[in-house]
Each structure stands twice: as C-alpha cells, then as structure tokens.
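Below are structures written as structure tokens.
Below are two complexes that have chain A in common, paired first with chain B and then with chain C.
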Partner chain A sequence: MPPRICALCKEARAVMKRPKTGQIVCRACFFWVLEEEVHQTIVSHGLFHPGERVAIAASGGKDSTVLAHMMKTLNERHNYGLELSLLSVDEGISGYRDDSLETVKRNQQQYDLPLKIVSYSELYGWSMDEIVKEVGRKNNCTCTFCGVFRRQALDRGAVMLDVQHIVTGHNADDVAETVLMNVLRGDVARLGRSTDISTANEGDSMVKRSKPFKYTYEKEIVMYAYFKKLDYFSTECTYSPAAYRGHARTFLKDLESIRPSAIIDIIHSGEALTIREDVKMPTLQVCDRCGYMSSGPLCKACVLLEGLNRGLPK
Partner chain B sequence: MHFGACGRTLGGRVSEDRKQGVAKARVCGGMELLFDGLTLTKATVQGPQAGGQVEMRHVIAHVKDHLLTERPDLFVSGETVRPGILVLINDSDWEIEGQLDYEVQNGDVIVFISTLHGG
Partner chain C sequence: MSNTEGNLGAGEDRLRRRREPGICVKCRTEKACAYVREAGYCQPCFIHQMTGKVRTHLTRTPLPGDIREVRGKCRVLLAFSGGPSSRVLLDMVAHYTGEHVNQQARRFGEISVVHVDESILEEDENASCSTLRHDIQNVVDSYGMRLSVVALPSAFSTTDDPDGRRGFEKCRQSYSSNGSKSSEEDLVRQIKMHLLRQVALEQGATILLTGDSATRTAIHTLLEITQGRGYTLPFLVGPTSTTGYPDVVVWRPLRDCLAKEMDQYIAFQELQVPKNTEKKEDKSEPTTLYGMTQSFIVGLDEGFPATASTVARTAAKLRVAPEALESSDERISRCVICDLPVQGGSQGWRDRCAILGRSTKADDREKGCGDSSKDAGCCGGSGDSGCNGDRPSNQGTSSSLPMALCYGCRVAASADKGKKEDVERDTPLLWPRYAQHALDQQTKDAKVEGLREQIQDFLLEDEEDQ
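Take a look at the complex of A and B:
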C-alpha cells in the first residue's frame, strides 16, 4: 500500500486520522493544526487579557501536561502576554499523587514555570489517606470528599499565587461526559453551566476557571503527548472506581467509535439547552464558617469536615 | 513481536522468520497495570494458518491470550481493542493503516495506549 499523504501539506506521510474532521495528517501538520485550533478557541472566546496572571491546574496527567506545554507555546507564539504558573493539589494519596507530583515537578523544570502545591493536610487537617482510614473505602464517599475538597483547594491555591484565573485540562470528551452525567443525575443547575468554557466568579469565588481544551478530543491530546514525548503520569487513582461515571465514559467511547462527531454533538446539545424559568435552581450564598460559596448555610467542605472531626461518618 | 514500556525498548533480536509476524509492542497510558507491569516485549505471533499472513486481529488475540494478566474486558471488546484504546503501528495511527486487517510485518512496532483518566 502506498503511504497516505497528509491532507493539509500534501507532502509528508500522514500518521494519524483526526477524529473531529476525518482528515489524515502528518505529524508536523497535526501539531500545528491542533495548537492553532486551541488558539482559535482562546481568541474567539476572549479567554485572556494581556498581562493576566494565569495558573495551570497541573496533576501530572496527560491533559494538564499537554495544557502546560501548549499554553507556554501559544503564549510565546501569539504574544498573549500571560504570566503562567502551575498549581497542583496534593490530596495525600500515597502511591498515586506523590508519584504524579514528581511528574509535575519535572514539568516545572521542563517548562520553566513557577509551581505552587497546596495540600489537603495543610488546608483541612486531613489527607485523603487519613480520611479513607476514618470513613473506610466506601468508594463514592471517598470521591465525594476528594471532589469537594479539590475545588476549594484550587481556589485557595490561586489566592496564594495571587492569580484570578485557573485553566484546567478538561477536554471535549470530559465535557461531553459531564453533560451526560448531569442528565443522568438530573442535575439541572450543573447541566446549565457544564458546557460553559469559562465559569467566572461563581458565588463569592473570585477565581475564574477556563477550559481551553473544551473542543479538543482526548485522542488528539494523547497522540500529541505521545508524538511530542511529553512526560506525563498515567496511573488511575488508587481509590477511584468511578462506577457511574465509568459507565457514562464507556458509553461515550462506544458512541465515538461508531460516530466520532458524537463528542462534539453532545457538547453542542448541552450548549443549546436552556433551563426553563420556572425550574427551581439552588441559590448561592456564602458559607457561615469559611466564607466559601455555598448552597446552604455551611458549604459542603465544612459539612464534611465537621463530620470527620467528630468522627461521625463511620 | 515486541511488547513494552512507553519510551523504553527492551533489547532483543527480531526473528528472521518472515512468516511469523515478529513484532514489538508497547503498552502505555496506564495499561501496564493490566499486563503485570509489563511495558515492552517481543512476541512472535502466528496467524490461523502456519506460514500464512498475520493480521492485527491475530496480534490482539495473542496479546489477550498470552500477555494480559488481568481484566481482559478492559483491553478487548470482541476481536478488537476496547473503544478508547489507541493503537499505533510503527508510530502511525492504526486507523489509517487498515486497523484489524493490517498485515503485520517482521519487526513492526505496535503500541497500545490507554486514554484512561490520569487526573
């Protein structure tokens, strides 16, 4: 079989098929087109302004490693004028996060960016390993603690870095999965904002969050990391069974294998949904105890902490 | 075939027997766990007929039957890999190489990459 030629440069040998367009492209054109698509997403949504201090939420995994690499590349290529830094959360999970943080530390050297690590022990007085010892390995429960604590931890880390904007590595597959999850859970409030590319100043939080990879397929992120030989960490969390989400993910991957546009189609559906005015939405207020945004008098983190400190959740 | 870790290649001479589809394969992206930590190996895969051609479907069956140590459902689905696992043949996306029908050549390097969440 003769080698297939890149649909873009019409010269080099194609090495991959793009899931979004079906085009076959060579390595150099793939890097260029993927980077420029992300640039277009950034520009068309006006994600940044010159001089802005932006923290990249870095776990050491594929998405955030590619994000750090690409943010640095695009910031230099297109003169965004951003002051970039890496922000990591140490949940205190031995055999998982300690190893992935080593990857982040290498990324810090490789990309020459400042790094701030905030830990659950330091913020809450409990590491995830200690929480699991206390509440047992009931999986959903473990992930609830971790998820609630992480969101606040990133915001607090941003404040320590004096940064008002965090970018996360959520990709198109993640966004589509979240749309599905919110439908499956009947979580209308989250469904409404799950496709937003930026969530700015929700409640009392002064930290804006953006997803520059909102339209970037996971396959392309993994291929980019592989071809560029980026240094990333790829072990699943030792506590993560993610049962319900796992089903949504498998379903989505099955759909994608039949019709690759399914991912983007689900995102478009999510974007087009509007919530009827008479649907009751939770009202955001401020936590009495810690001042963080909350849907009740106490925020979820404070409720969970109270239980932990009293030894209730056994 | 060679099967092994992302970035590292174990040494070893590739067999000269063209009829047996001797290739290298690597697993990465978290799939090492399904292979008892194995990242790169070399394997000789035979097709259904002795001396006949060896296709990617035979390679996947071989990996499943001889190399996988746990949870085959996380690697295969029917005769192909589970959706979400990327396959590269000599650093080229198998989707442009004919996927299951690709005829394995002596010395080919096959890479399986999981797209598991590493978040």
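Take a look at the complex of A and C:
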C-alpha cells in the first residue's frame, strides 16, 4: 500500500488524522494548521494590541503548556508585540499542584518568560488541603471553593504582575461542555456569555480574560504537545470528583465519536443563543468587602471565606 | 399542632407535607398513584394538573395578529404520529377546543389531523403500514375529525416516479455516502416538517399543532445545539414558532408535560395508542446523534428529575435574532431544506475555525501569487515573511454544497467525513423536490437581481412620474 499523502501540502507523507476535520496530514502541516487556526482566532477577534502585557495562566497541564508555547511562537512569528509572562496559582494540593508547579518552573526556563506564583494560603489564609480537611469531600463543594478562589487569585496575581489581560488554556471541548452545562442547568445568565472569547473589563478588579484555544480541540492540543515533545504535567487533581459536569463531558465525547464536528457545531450554536429581554438576569455589583465583582452584596469568595473562618460549611 | 410543627417555617411545612410519602400533594387526602418529578398525585389531581397545563397553553397563548383577527375561525392542523404525545394532544385538543366548546371560548375553527406515513423507514414496511394506518384512522374517527395521510417519499414525487420512492431511496443513499445515519435522520425530520406544512397550506390551516413534550423538547434542544442550529433554535423548540416559517405557525401545547406524564395520562384515560414509539435503538448503544441525545436526557432525568423540564424552560427563554425575523418589506435568506433563516457568514466562520486547505508553492506559481487575501498570511498577513506558500485556503471545504443551506443542514449534508479516510470524496447530493425547486428559484432570483442591478441607473422611480 503506497504511503498516504498529506491532504494539506499534497507532498509529504501523512502521519496522523486530525480529530477536528478528519484530514490526514503530515507532522509539519499539523503544526502549521493548528498554529494558523489559533492565529486566525486571535486576529479575527482582535484579542491583543501591540505593547500589551499579557499573563498566561499556567497550571503545568497540557492546555496551558501548549498555550505558553504557542503564544510565544505566534508572538514572535506574527509580531504581536506582546509582553508575555506566566501566572500560576498554588492551591496547596499536595501530590498534585506541587508537582505541576515544578513543570511550570521548567516551562519558565524553556520559554524564558517571567513567572509569578500566587498561593491560596497567602491570599486567603487557607490551602485547599486545609479547606478539604475542614469541609470534607462531599458532593462537589471542594471544586466550588477551588474554582471561586482561583478566579480571584488569577486576578490578584495579574495585578501583582501589572497586567490587564490573562489568557487561559480553555479549549473548544471546555467551551462546548460549558454551553451544554448551562443549558442543562438552565443557567441563562451564563449561557448568554458562555461562548465569549473574552470577558470585558467590568467592575474595579476585573482583568480581561481570553481563550485563544476556543476553537482548538482538546485532542489536537494533546497531539501537538506529544509531537512537539512539550514538558507538561498530566495527573488529575486528587480532589477531582465525579461532578455533574462529568455527565456533560461524557455526552460530548460520545457526540464527538459519532460526529467529530459536534464540538465546533455546539460552539457555533452557543454563539447564536441570545436570551429574551424579559428574562430576569442577575445584575453585576461590587462586593462590599473586597471590591470584586459580585451578584450580591458579598462576592462568592467572601461568602465561602466567611463560612470557612467561622467553621460553618460542613 | 405539635411543637415541632409549629417551629417549621411556611416553606418547610409545605415541603414536608409535599414529601409525605404516598399522599397526593394536591388534595392531600387521597393516595398518590402517579409521580411527577418526585411529587405524588392521585388520579383525579394528576389529570387535573396536566389538563390545566395544556389547556392554559391552548387557550391563553397569544395568537399572532393576523390569526387573532379570525379568532374561532382559523383552521388548525394537528400532526398525529400515532405515538403517545400526539395521542394525548389529540385528546386534549378535542376536549378543550373542539366544536362542543361554546362559541365565545373557541379559538379555533375546523381542526383536522395529518399523519406522515414513515413506513418506508421500517423493515417490515407493508405490515406496519396497514396496521398503523387502520388504528390511526379509528382513533381520529372517534373524535369525528378529518384525517389526511401523506407519505414521506411524496416529497420526491415526479412524473417518472409518482410516489417518490426511488427518489427518496436515492437521496438517502447520497446522504449516507456523504454523511451518516444521523444525517439521514435529520433529513427525514426536515422532510416531515415540510410535508406537514405543505398539507397545512393545502388545507388553508394557519396553525400546526405538534405533540412535542418537555422531554422531546429537551432532546431536540440539545440535538439542534449539537448540530449547530443555535440561530434557529427558538423557532425549532419554542412554544410557538410564530415567525419561523412564512406560511404556518407551529404550536407546541404539550411542551410543559414530561413524556412520563403522557404515558400516565394515557393509562388513566385508557386511550388507545396506535403506535409504540419506543425506538428499537434503545436496547443497544445509540449510534446516531438523536439516539445519543435521547439516551442522555432520559438517563440524566432519572438521576436529576428536573433535567428535561429545565432544558425545555431554558429553550423557551431564548430569543430569535432580529435579523432572522422576516418583515413585510425585507425578505430574508432561507435554507432550501428546512426553510428556516440562514445565518449570514456562518460558512466563513466555519472555514476560519477549521482550515481545510493550504496553498502550496505549486498553487502560488500557478496563480502568479498576486492575490492578497485579507486574512491570509501570504502577501497580506501581519508581519509574515511573504509568499512562502503558508496560507490558509478554503479549497475543498464544502464547495459542492450550495450556499442556500443553513449551517445545520450544511453540516448534516457533509458531516462525519471526519470518520472517513478522505474528506474530499464528495458524492453529489440529491435533494427533495421542494428543496431543488427552492434552489432553482433562488438561483433564478439571484440572476434577475443581478440583471436589475446592471440596469438600476436607467430605471425610473414611481415618484419621478408625479
């Protein structure tokens, strides 16, 4: 059987099939097309402006490692003129985050980017291990604490780094999964903005966040990391539970197995979904205690923190 | 009242009583025999709450302006598959809007029933067809309504192929060679809706009632999202698709009732159901998007009983994009398959998200590389090194498909190539006759418009005469 030829360059021998399109491509074309798609996403959405200081949210996992690599590559190739840095959050999960942070530190050397690590202990006086000890591991509450605190921690880290823009490694699978989750939970407030590529600067402490991998399939990110031999950490969080989100994730994977374009089709749908004007939506307020954006007098982080400090949430 | 009860708040008290095992949550005296989202009802209370929901829909949903004017006279067509949902709908409609309802309270004029004969999709076509038709006729006759039956392949009928069977089979084959079973299912759904609307049009009906339950609405919501039809989702799963189709209002009065409630209602009312709609696919692993979505929603609803109704209610909160609304002075572009508005720029979006081509050096030499595409990296990119051949090209994306398709129908027509060896192996698609006709008409209109543009400067406006 003759070697199969790359569907993109029509010259080299194809070595893989793209999960997103099903095309058989050579290694060089795979790198090119993935980088080009991310570049097209950045350019068509006008994500950056020259001279902007941008922090890459780095966990040491595959998505953020590939993001760091690609941001550096594209910044140099297309002269975005960005001042890049790495920003990590140390949640204080022994056996997981301590190891992944070692990867981030190696990435800092490899990509020659400044790194800032902010820790939950330092910001909130509680590490995740301590929180879990206090509240237990029932239901999904561990992830609630971690998610709420991480969002604020990234913003606070960005202020420390003096950047107004954070890029995160959320990929197409994450975005599609969020669309499905919000439909399943009936969360119309989030549904309307679940496919936004950037969050606008709102409130006093808000830092702009963008997802350059919004249209990039998770499998292709893994393939990119694998073929580029990138140094990343691939262990699941020790507190990762079988949450409700897991159902949406499994469903999405099943859909993808039947129709590979389902992920991108869900994002296309999500972008077109708009909520009726007469539907009651939460209004954006500012937390009385910390000044962070909130939907009530106190932000979620302050409510959780208050409960922790009073020893209430069991 | 005991001390403990006295300390309970009103809400907690209500909840406690609501959860009292075995007792109806409504009358609080009878034994519960039907459970809806963990709330138990006795038979009369169950029927009362269910009919109440449907009656509210049927009698209070605002009618569109032009239909409101002919209140009590507008003709209604009820889509009856013979399954449990449409069976309940038929019963409810007959009871709450039929001729026996007093003149002032009546919203509808004549109500007739249509059944789309899908027996061509069955393995044992003849046997299933005759039995089902007979049972359906009996049920409809029992309400004294008129029944029309239209066969699925009739969308393909021509003079050479009067019943359209050959055309239908060819079309299915062309879809399965390009797409998959999911694409075929989607095509069948679109053809069914077209046929229902066609019958409505022929009979002068302005309202089409369908028996979409909350469960089916939830399944369809997720399914259409999965197929990229977010733009037209409010038309497809909303309570009424007032402005979705140009000729008929699709109304879904059962969208607040779960499929389980339908079964319960049928059992309590001892209704004859002609068709058991339980899919054979349920027994094995689902292999289509619909089967997958159905199994997901039904499965999730067992663990989280509010899932289907939450999804259905969320879908009802969606708004149609203003540009998708047709006004009297501005026509919008419609998909030739589903006849719903086409979202502008969706093909460009897709090409940007998934680059399928790369201009090679050979291509550049051939073209003389003088073209500067705006988004591309070659000769027009931001800071690229010039004509190195590294630029995206949309060759081979979906060139064989006409632009007159919406995103969802386009995906269905070309989907699942990702699972095939070679994405460029396109088999020409065969269309239903109505779609081909619409496509020809659009092409003709575009030609006329093009000619008109050329002579525009020489045409006199009416005002110039005055």
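Keep this in mind: the second predicted complex is superposed on the first by the 308 of 314 C-alpha atoms of A that agree within 3 Å, B and C clash if a C-alpha of one lies under 4 Å from a C-alpha of the other, contacts with A are read in each partner's own complex, and residues count from 1 in each chain.
Here, a contact is a pair of C-beta atoms (placed from the backbone, for glycine too) under 8 Å apart; a residue touches a chain by one contact, two chains touch by 3 or more.
Bear in mind the structure is a predicted one, so any value in this text is a computation, not a measurement.
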item: Superposed partners chain B and chain C on chain A - clash or fit; value: fit
item: Contacts of A:Ile24 with chain B and chain C, given as first, second, both or neither; value: both
item: More chain A residues in contact - chain B or chain C; value: C
item: Partner chain(s) touched by A:Leu180 [first = chain B, second = chain C, both, neither]; value: second
item: Chain B versus chain C as contact partner of A:Leu298, first or second or both or neither; value: neither
item: First (chain B), second (chain C), both or neither touched by A:Ile5; value: neither
item: Contacts of A:Val286 with chain B and chain C, given as first, second, both or neither; value: neither
item: Touched partner set for A:Ala272, first chain B, second chain C, both or neither; value: second
item: Partner chain in contact with A:Asp254 - chain B first, chain C second, else both or neither; value: both
item: Which of chain B and chain C A:Val15 touches, first, second, both or neither; value: first
item: Smallest separation of CA atoms, chain C relative to chain B, angstrom; value: 7
item: Touching both chain C and chain B, counted on chain A across the two superposed complexes; value: 24, 254
item: Chain B-touching residues of chain A, taken from the complex the two chains share; value: 1, 4, 13-17, 24, 59-64, 100, 169, 173, 218-219, 222-223, 226-227, 229, 232-237, 240, 242, 249-250, 253-254, 256-257
item: Contact footprint of chain A on chain B as seen in their complex; value: 6-7, 28-30, 33, 82-84, 86, 88, 91-93, 95-96, 98, 111, 113-119
item: Residue ranges of chain C in contact with chain A within the complex; value: 180, 182, 221-222, 224-231, 233, 287-289, 292-293, 296, 300, 304, 307, 310-311, 313-315, 317-319, 321, 343, 346, 349-350, 352-358, 360, 362, 375, 377, 381-384, 390, 392, 407-408, 411, 415-424
item: Contact set on chain A toward chain C in their complex; value: 7-11, 18-24, 29, 32-33, 36-37, 39-41, 43-44, 77-79, 179-180, 183-186, 188, 191, 215, 244, 247, 251, 254-255, 258-262, 264-277, 279
